[in-house]
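One structure coming up, written as structure tokens, with questions to follow.
A, B, C and D label the chains in the order they appear, each numbered from 1.
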Amino acid sequence: MNLSVNFAGLKLKNPVIAASGTFGFGREFSNFFDLNRLGGISVKGLTLEPRKGNPPPRIAETPGGILNSVGLQNPGVHAFIREEIPFLRQFDLPIIVNIAGNTPEDYCAMAEILSEADIDAIELNVSCPNVKKGCLLFGSTPEGVSEITAVVRKVCKKPLIVKLTPNVTDITQTAKAAEASGADCVSLINTLLGMAIDIEKRKPILANTMGGLSGPAVKPVAVRMVYQVSKEVKIPIIGMGGISNGEDAVEFLLAGASAVMVGTAGFVNPGVWVETAEGIEAYMKKHGFGKVSELTGALQE
Amino acid sequence: MNLSVNFAGLKLKNPVIAASGTFGFGREFSNFFDLNRLGGISVKGLTLEPRKGNPPPRIAETPGGILNSVGLQNPGVHAFIREEIPFLRQFDLPIIVNIAGNTPEDYCAMAEILSEADIDAIELNVSCPNVKKGCLLFGSTPEGVSEITAVVRKVCKKPLIVKLTPNVTDITQTAKAAEASGADCVSLINTLLGMAIDIEKRKPILANTMGGLSGPAVKPVAVRMVYQVSKEVKIPIIGMGGISNGEDAVEFLLAGASAVMVGTAGFVNPGVWVETAEGIEAYMKKHGFGKVSELTGALQE
Amino acid sequence: MNFDTIIRKTEKLSEGIYLIRLHSARIASKAVPGQFVNVRCSDGLNAYLRRPISICRVDRKNNTVDIVFMNRGKGTNLLCSFAQGDTLDAMGPLGNGFTLPKEKERIAVVGGGIGVFPLLYLLEESHCACKTAFLGFRTKEAIVLQDAFHRTAQKLVIATDDGSYGTNGLITAPFMAWLEAERPDRVYSCGPAPMMKIVARACVQKGIFCEVSMEQRMGCGIGACLVCACKVQDGDDYQYAHVCKDGPVFPAERLIF
Amino acid sequence: MNFDTIIRKTEKLSEGIYLIRLHSARIASKAVPGQFVNVRCSDGLNAYLRRPISICRVDRKNNTVDIVFMNRGKGTNLLCSFAQGDTLDAMGPLGNGFTLPKEKERIAVVGGGIGVFPLLYLLEESHCACKTAFLGFRTKEAIVLQDAFHRTAQKLVIATDDGSYGTNGLITAPFMAWLEAERPDRVYSCGPAPMMKIVARACVQKGIFCEVSMEQRMGCGIGACLVCACKVQDGDDYQYAHVCKDGPVFPAERLIF
């Protein structure tokens, strides 16, 4: 069976992509499975300059999910190009580069640099809840999304994915803003802003007080948003949020996604990416689908 | 130990209130425990006229939570006053009446009628995601919340609680709007809009397509919102969303709530309301708190 | 609140169908045919909600209650791994049961798939002149509790969708023929909605007393959350009644399928 | 991906402290002292994340691995109910271990509470001239594995916070006195951060080789998610290293407590 998908200038051998921030630059998980089996990788969010990230604790377990507040710890875009691309290029694996910045200039500078690098797409992270400046501020309003998307579009020679935050009143507005400003694709959802308290210490568990919620708990919110966005935009959608297996992924595809990203579930089960692709394949066999794209939006209403 | 709390004109013998829509008008659960042990009840959301509600299925199970799309099935405010208040008044139990409408006039008419009834407070539901008109539309913007709160305030002679939706970019804005327009208290969160898909039938599980997410899964989002709102408003807060025991409730109190509501967890454990109050008491004993109000906002930062 | 029961026995009745025998004086002493228990399949977040399962048989002397279920999802799958001696949290008995027949009456039950279980309990508690059971299954392998039905009913008709046993096709066919010929006093039905619809409509047309037991996804199981809606007649209009509290058994003429 | 191991034995060592003996050729053949396994305490949403637990002992001949843990939350509480014959999903061995001493060297381990477990494994694998163990516990009742430490170390000093056994107070007091007098070649420490901070600082000051094993809440356990941050020196500045991949064992001089 053919699991490949083609959209937004990306060719993926299967629709399962490792979600940004949960898979580093692929080195660690490559000790556990063959990265050639992934549909793609979205690397840890990069900034122009290296970032230290937030103080620990950076993670809290919540019912059916986790909160994280890594705060974009990363070696910077230059070190990435120098040290990580050669490693990743050993594999037949589309590289999506997730980027975040404090200012439109930051985003543009990175997009320009990456346009000349050996990568496959750029994912604009305008939705990270764990940094003080920029990022989520842009992603929270249609105007902010428009602004960043438009300026980056001008300099970006790679397929441009805009990653949307779920922490908005109406995600179709930010999705439409991204589309209108030249995005080739939207990916959603980033994490839901949340908080957990250690009642013995009477302190937030995360040193940064609040963090981003991901994992199975957020799945219904994510499916809903993919569904809503798919009704309002024509560009393809990469869906994510709480996917743990092929069945979950099929929910996102039916809701309107062209591909999915999987993150948190890999912490518990490093086999999740491969198993999710296999699960989609099994579903297609059982129900007589020949191509993954036939599943996209195939909801009976 | 004294678990009583006094705020917004309400006197509760303990801070645990049954959440609207999960406890009917108290009759059913009264077969399982003594309603005198509750801090209060927020009754099923009422409308001016009776409503049939949405077609089934109205519930879907999701990881660590549920989606519901009851759609405000209720007998109307008049039948409630006639048939349910006498039943509830057999108990020493503050009655909070949750009301929803399509128009400001609906809300006002109900507030006027209920101001003359033997009840203890009115909870303005401007956050129900399961009805087509009104309600959530008002709750989604600070202007909408202001409008409804202000007009109801004029005719309402009871303590006025405004119940906020989490489906907004910034809940502190709607909370401040409620406060500025005369609310005595805000309660949060109502349900997060979500969706689940039956991949075998390729249809949404809920007949209404989307529904409201509640239960443990939403707790981190709810705690975060209570915390954020408590930093921005001076009126008391009733916190809810995923509470399953005393420890969960303490999280909300520490985050800034004066009392809590508990809903979904009661479907699984009908003892949850009583056990939550007992759990708060045990926590207070262990940590040397004399009054519940000492816990409110007692986060060390 | 403690709804704990002790599991006295578990048994695999056929592929995917399991019986659990609970020890519970609370349930055994109060249950009537048509009622259900609402069970917790795990004590955490896995299969978070309780699952409604009909009572299939009660042994009042020994205070045991049998439930029989099909493994068809997260919750029932967890239930399969319970064993003798384990504790099972079972709220109940819940809901309204069937109206039991009078001594002289001739009754029929029409069940399909997992709908047959409450009907066995009904037959065993019905002390009346003549009891006929019409049961539909997918295949021969899916047939369960045949002996038990055989013992309690004077006549037992079985149909399988694939014709691998008994009548070939839907159970409604032999039932409708029989109904025409026999005009029983009461008919009870539980199973897939299309089956119950045919049974209900035929009985209502002929003025034969008929009760059907409905299924719906549940939240609280006791009538407080209003999720388990079921369309019923309300004069010229309709209303949503609630399966857990107003049902699961409804008079056929009330229902709008 | 299959990290299943079979539980060969479980034992309650003291109030709230449990040992699980895993059968796993994969782990037993590769593990070195200081490494950990990342275990799933349930296979669903209860205690969703894996829990890191140090390897406490390895029997290479029999391919068994002992882990010892304190029941102090949701996950470890679930772990307590595992029994012999059960399957436990244990990823590992993970992280970097301690630098083993050379034959002629004199070493000390300084452990507190649940920090003592990896130190036992270290001592048992250290074939060197002289091994001294300093262990701190809350009370007499909390003392575990005393015999095992006794067998492998030439000298064993125990302190309890409440003085109910051994030295009264923190273990750092007798250790610091001894350190002053003995100047060992290597010191290894694992336990509460304040304890490790004292040990690390003293050794760094005196130029004694010292390694400490850090704890931090984890996500992936392998270095991919960057949540398990731990402040380390980076020239004049600091960086966040990661306990799971760069540690859990760090040279004392690298750490910023």
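One rule holds for everything that comes next: contacts are C-beta pairs under 8 Å (C-beta built on N, C-alpha and C of every residue); 3 or more make two chains touch, one makes a residue touch a chain.
What you are looking at is a predicted structure, and each value in this text was computed from that prediction instead of being measured.
Any chain touching subunit A that also touches subunit C appears here: B, D.
Using the contact threshold fixed earlier, the set of chains in contact with both subunit A and subunit D is empty. Distance from the centre of subunit D peaks at C, each centre being the average of the chain's Cα atoms. Mean C-alpha position of subunit B lies 47 Å from that of subunit D.
Our note on geometry: subunit C versus subunit D, Cα centroid distance of 56 Å, whole angstroms.
Centroid to centroid, with C-alpha atoms defining each point, subunit A and subunit B lie 33 Å apart. One finds 36 Å separating the Cα centroids of subunit B and subunit C.
Within subunit B, residues 60, 63-65, 215-216 each touch two or more of the remaining chains. The residues of subunit D that reach two or more other chains are 45, listed in rising order.
Viewed as a contact network, the protein chains form a single closed ring in which every chain touches exactly two others.
Under the touch rule stated earlier, the contacting chain pairs are A-B, A-D, B-C, C-D. The touching residues of subunit C, counted against subunit D in their complex, run 42, 44-46.
Residues of subunit B touching subunit C in their complex: 21-24, 27-29, 31-33, 44, 52-61, 63-66, 68, 70, 73, 215-216, 264, 266-271.
Note for the complex: subunit C touches subunit B at residues 1, 40, 45, 47-50, 74, 91, 216-231, 238-240, 245.
By the touch rule above, subunit A contacts subunit B in their complex via residues 60, 62-65, 67, 140-141, 167-170, 192-197, 199, 201-204, 209-210, 213, 215-221, 223-224, 227, 242, 247, 250-251, 254-255, 283, 298-301.
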